[in-house]
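In structure tokens below, several structures.
First chain A sits with chain B, and in the next complex the same chain sits with chain C.
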Partner chain A sequence: MSYLSTTDFTEDEAFVDRFQRTMKGDLDLSWLDEPRERVGCRPENPRRGLTFRDLDVGGYGFSEMPEVIRKNRSFAPRGAALADGLPDLQADVNRKSEVWAYNVEGYYEEAMTRQWNATTDIPWADLQAHELPEDIGKAYAQLLTFLTEVEMIATDVPAKWLGRLNADFFEVKNFIATQAMDEARHAEIFRKRALSTGWGLMRASAHNEFNLKFLRDADSFAEASLTLHLQAEGMVLTLFRFSEYISPTEGDKKLFRLVMQDEARHVGYGMQHLKWVLDHYPERREAIHRHLDEAENFVFGAVYATEVLEPFIILAGKGLKKENVAEGIRITMAFNLKQTDEYFERLAKCGLPERRDRSRLWKATEMARQSMASAA
Partner chain B sequence: MGYFAETDFFEDGQLIELLNQILAGNLTLEWYRVDNVRARAVAADPRRGLTYADCNLGQYGYDDIPELVRNRNSMAARGSVLPAKLPDLGYTINRKSDVWADGVVVLYEEAKTRRWAPAVDVPWAELAARFDRTREAAMAQLSTLLAEVALVAMEAAARWVFSINQEFLELKSFLCAQMIDEARHVEAWRKRALVSGEGLGRASVSAEQGLKELLSAETYPEASVGVNLLLGSFVLAACRALAALADTHADRRLAVLSMQDVARSVAYGTAQVRYHLAHQPARAAVLAEYLDRTEHTVLGIFGSPEFLEPLVLLAGRGQQPAARARGGAFARRWFATAVEEYLARTAAAGLAAREERSRLARLVRASAA
Partner chain C sequence: MPPSFPSVEFFEALRREMREERERFSRLGFFDTTFGVRVLDAGDRPAEFVLTFEVFDCVAVEDRRSARPRDFVLEGPLAAWRAMLDNIHALGAADTAHSVNTLTHFGESLRVCYDDPDGHDKLYRFAESIQEFFDLASRVDFTYPDGSRPPARHTPLERSAP
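The block that comes next holds the complex of A and B.
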């Protein structure tokens, strides 16, 4: 049996009596006399409207939120008067530095204003007017199949954590909700595009699926965010940028520009969260390294994901002929180096510059860079 | 850390060999040769764009999802070719009629086109300088309670997404739309409480007890009927009342925009029960029993002093005895109508005889006597 309210309200005579008297205009009004902080929240910039930052005032704001939430264990909005008898919702995460990020309120507001629609914001009719040759069409459909497959991991994982966070962290919860919607839209747009190429969906990737399982099973929100927002989405962001570059049509370039905008926001949250963790909870540093050790193992193993690597080579080289493949390999290698460089750069900016020295992925990348340089 | 790769890839000679082969231009092209089904989705109505309904094609479509999903437990895109070895991602909801609803795809498309942003779509400046303190305090208290309710509605959708098989992509996408809708309501009601200077009111013990019970449903069908149909019906009625009682454009707009979102959840909740019972008729008794014991939660929420008393003050437009009596009469009609509409929806969904079984209906009859 699940949780049952401490009172069955329809059977509680006092409650029903109070209810019926209220409907006759007999009011208690004790809520009206509840001591409260009276604040006037105004839009700092009227063109931006009333933002969460405008609400960052006194006990209602996020700046004054303590590191450890000890009092509110219910759904009460932060700053509301708490009456005795509120239920304990048993949040698992009650420490601000486990979830918070610099500018999380800004990322949320941006997400709300930059929602777009995969159904109507892509020139589908134009895309369908372009008949893709078989090698490009199949390679593109395969890349899109991969993207369809991975997008909603970034819905499922944050959603799993949303209900486990203390209600005082509602700005983070709200941000997670926007991310869930963003990722649903990404899965939608990649699926629709794959199905509109005429080639249908291609093959799922076993290696990537094992990586998704790793992302799903992180032990803490901070670890889940680290590998999901910063590592995985960071790498996907670079992938989107290159995909825009190698896209077969203008409509496809627009598609990647739109998803990039969302992805950049998620990576932004991941970076600002890691920064916050390192600034406020430095004991986590070693746990972060250990989690990244395994995350990078999956990244290196992505060579086995030929369902991603090979179509990328074909799209970059614009075909399957020998010279096309050679050119595709050159561009793809450059992309891989860029992807890894950006990843380590992000970690360094967040306060983890020593990651390069510790990382086997970095060493492998350096070796690849040297062998490319000597081959050139 | 919960899960590790089977291989330490940095020590994997086969991987290096594969990489060298690919870099030499010898692609495997195994994926290129798969025997997949070709498809070409085309927009039926170009003005509407390419909808999910346009992509409902053969094995790729949602109509072809079997009632029991037995062989797809990964995140592989529905209809894609599966390689030999895929992990089990641990989905616990694998039965279509436990989650699906006719029209869920349309509701998802609608959610995207009707998006709004509280920061800019409500003329907040209009509410900045209000002089009727009682009225403002009442609005702030109602907003406090509605923010609590919205947070639970957001979490209700979020807590199930993780467990639902990825084959039900369109349904999961709708739940994501619900999450962002409710995040918007958490935001909007909080802003409404804080904009006029009154500050947040009091969190309601009875409302939160009711909300926790609703959130703790053990199965998805119970959670959906409880949150989308039962709770949603009352939130919809509350937003409609606030729109009717609003004396500013801003308050009316806030209530109307919220109503639009909540109506989608109620529509899904009603259609979900209908679909569920059409495919699992024996479950009617289970859902009926669930509602028998759970309906009391909405009395705890919407019969709480923190909701009902400010509603009486807003409707009566004052604190004088005559105004209170007027407001009380409004609240009585409001509650009776909300119950009536909820019962009509349960009947439309296929839950017969709730009118007789429902303790809420009995309460309305007793209150009218």
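The block that comes next holds the complex of A and C.
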């Protein structure tokens, strides 16, 4: 117990006296006279229901929130009267541009309505009926092991930051709470699918985990978001689409379509957050580049880790025979190029078109592209 | 007379089927996007349709003259669209080789055209809703420009868990 009260309430005469008077009917009622901004929020679109956007009014809203939150350091919900003596919770993040994203309130509402259930929304019984050949089954189980590892850290990162954001960033906190739930569900579904293949979990990947540790240990929420939402989840989104493409059964296709929906929403937040940062805090541009320099080194190691690359080759080529492996390499290379292209495309759209010129990852991708073209 | 693919009438028929399945689409969640469907060789020039989804519904089906900005456009030759729709009609839902994501992933069959990666990502944010929308074609009686029809349904394929 590290936080102790500065008051022993049972011994505090004024507190006990007030309590006793209240219980005898002598109510204080001073809170009734607190001057408040009265609002009556209504759904703009009744079919959609009452959304956070409908609550964006006056001091309760987010549009008029200042860049730096100096007044509220407590749990007081934005817009509530701040009583004297509220504790300073020492939030780590008090600057709006560190967390905010265009349409964050929309991403939250979308997340809430698009939740699904890993236990009941997948035709597990149908999946049991499909026995996979040993090489495909083991490769798939290895891919699922890697994805479970990834999703566990993707759960930890938003959860780690949730309580460290100023309470005024209500919509962001709620959004990253949905993200933590989404990622926990992804870890759940990949574990369940791995254990239902008949092969179980295969081998954890050191290279992948170096990258995951880098994501977890980011110095700021903005850095964590840049590498988690935009870089890692952007690459994982392309990976989920590729996994849907190579999935052996309809049930697996559905599984990947469901996880890709969540992942695309997180990437959407990441993109809109980076746009917000560059629009409102442009002096961070160089810090963003420096963080990406290191992040791209880690991601290069993770994407080409043996435990990641080889199952992809086997699944894409549909087997371990020489001709299958050659076809698998061709398809996997095309996937890797697509993955990197989409990452740089997103950065450019957010306002970092110069990233390609600076990035070693882009240079390596260009070399791979040329080598593929000359081999064709 | 059954609608022909591609035509506004065909997509209006899908829209009606979607309305019949309101509860199912509500369970899938908010579905907010406008996208195009382009059939490259359906006549003298490519046929293009613009589908707008809002909340849980398809709220507009328009032809190429629509001024609405598109998040992305699904584009391909009639043969590729036909392969997808024939498969859906025969099985009740797309199989592993004919889901929208599979057909568009490397642009080998259908292609996703977009200017804004954020718009492109909506294809994936609403992937299951989009797939289920196209799967409704299994319930529509329609013809192709040459007068032929998709194959009759022969094997039930359940997309959702019971």
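Assume the second predicted complex is superposed on the first by the 368 of 376 C-alpha atoms of A that agree within 3 Å, B and C clash if a C-alpha of one lies under 4 Å from a C-alpha of the other, contacts with A are read in each partner's own complex, and residues count from 1 in each chain.
FYI, a residue touches a chain if its C-beta (ideal position, glycine included) is under 8 Å from a C-beta of that chain, and two chains touch if they have at least 3 such contacts.
Every value quoted in this text rests on a predicted model; they were computed, and no experiment measured them.
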TODO: State whether A:326 touches chain B only (first), chain C only (second), both chains, or neither.
DONE: first
TODO: Go through the superposed model and pick first if A:84 touches only chain B, second if only chain C, both, or neither.
DONE: first
- [ ] May I ask you to decide whether A:202 touches chain B, chain C, both, or neither, giving the answer as first, second, both or neither?
- [x] first
- [ ] Once the structures are superposed on A, label A:120 by its partner contacts, choosing first (chain B), second (chain C), both or neither.
- [x] both
- [ ] Between chain B and chain C, pick out the one touching the greater number of residues of chain A.
- [x] B
Open item on the list: Applying the document's definition of touch, where does A:48 land relative to chain B and chain C: first, second, both, or neither?
Closed with: both
- [ ] Name the contact category of A:109: first (chain B only), second (chain C only), both, or neither.
- [x] both
TODO: Could you look at A:18 and tell me whether it touches chain B, chain C, both or neither (first, second, both, neither)?
DONE: first
Task: chain A residues contacted in one complex by chain B, in the other by chain C - done: 48, 109, 113, 115, 120-122, 124
Open item on the list: Quick check: in the complex, which residue numbers of chain C touch chain A?
Closed with: 28-30, 32, 54-57, 93, 95-96, 99, 101-102, 105-106, 116-118, 121-122, 124-128, 131, 157-162
Task: chain C-facing residues of chain A, complex - done: 45, 47-48, 109-110, 113-115, 120-124, 126, 237, 240-242, 244-245, 247-250, 253-254, 256-258, 260-261, 263-265, 267-268, 271-272, 331, 334, 338, 342, 345-346, 349
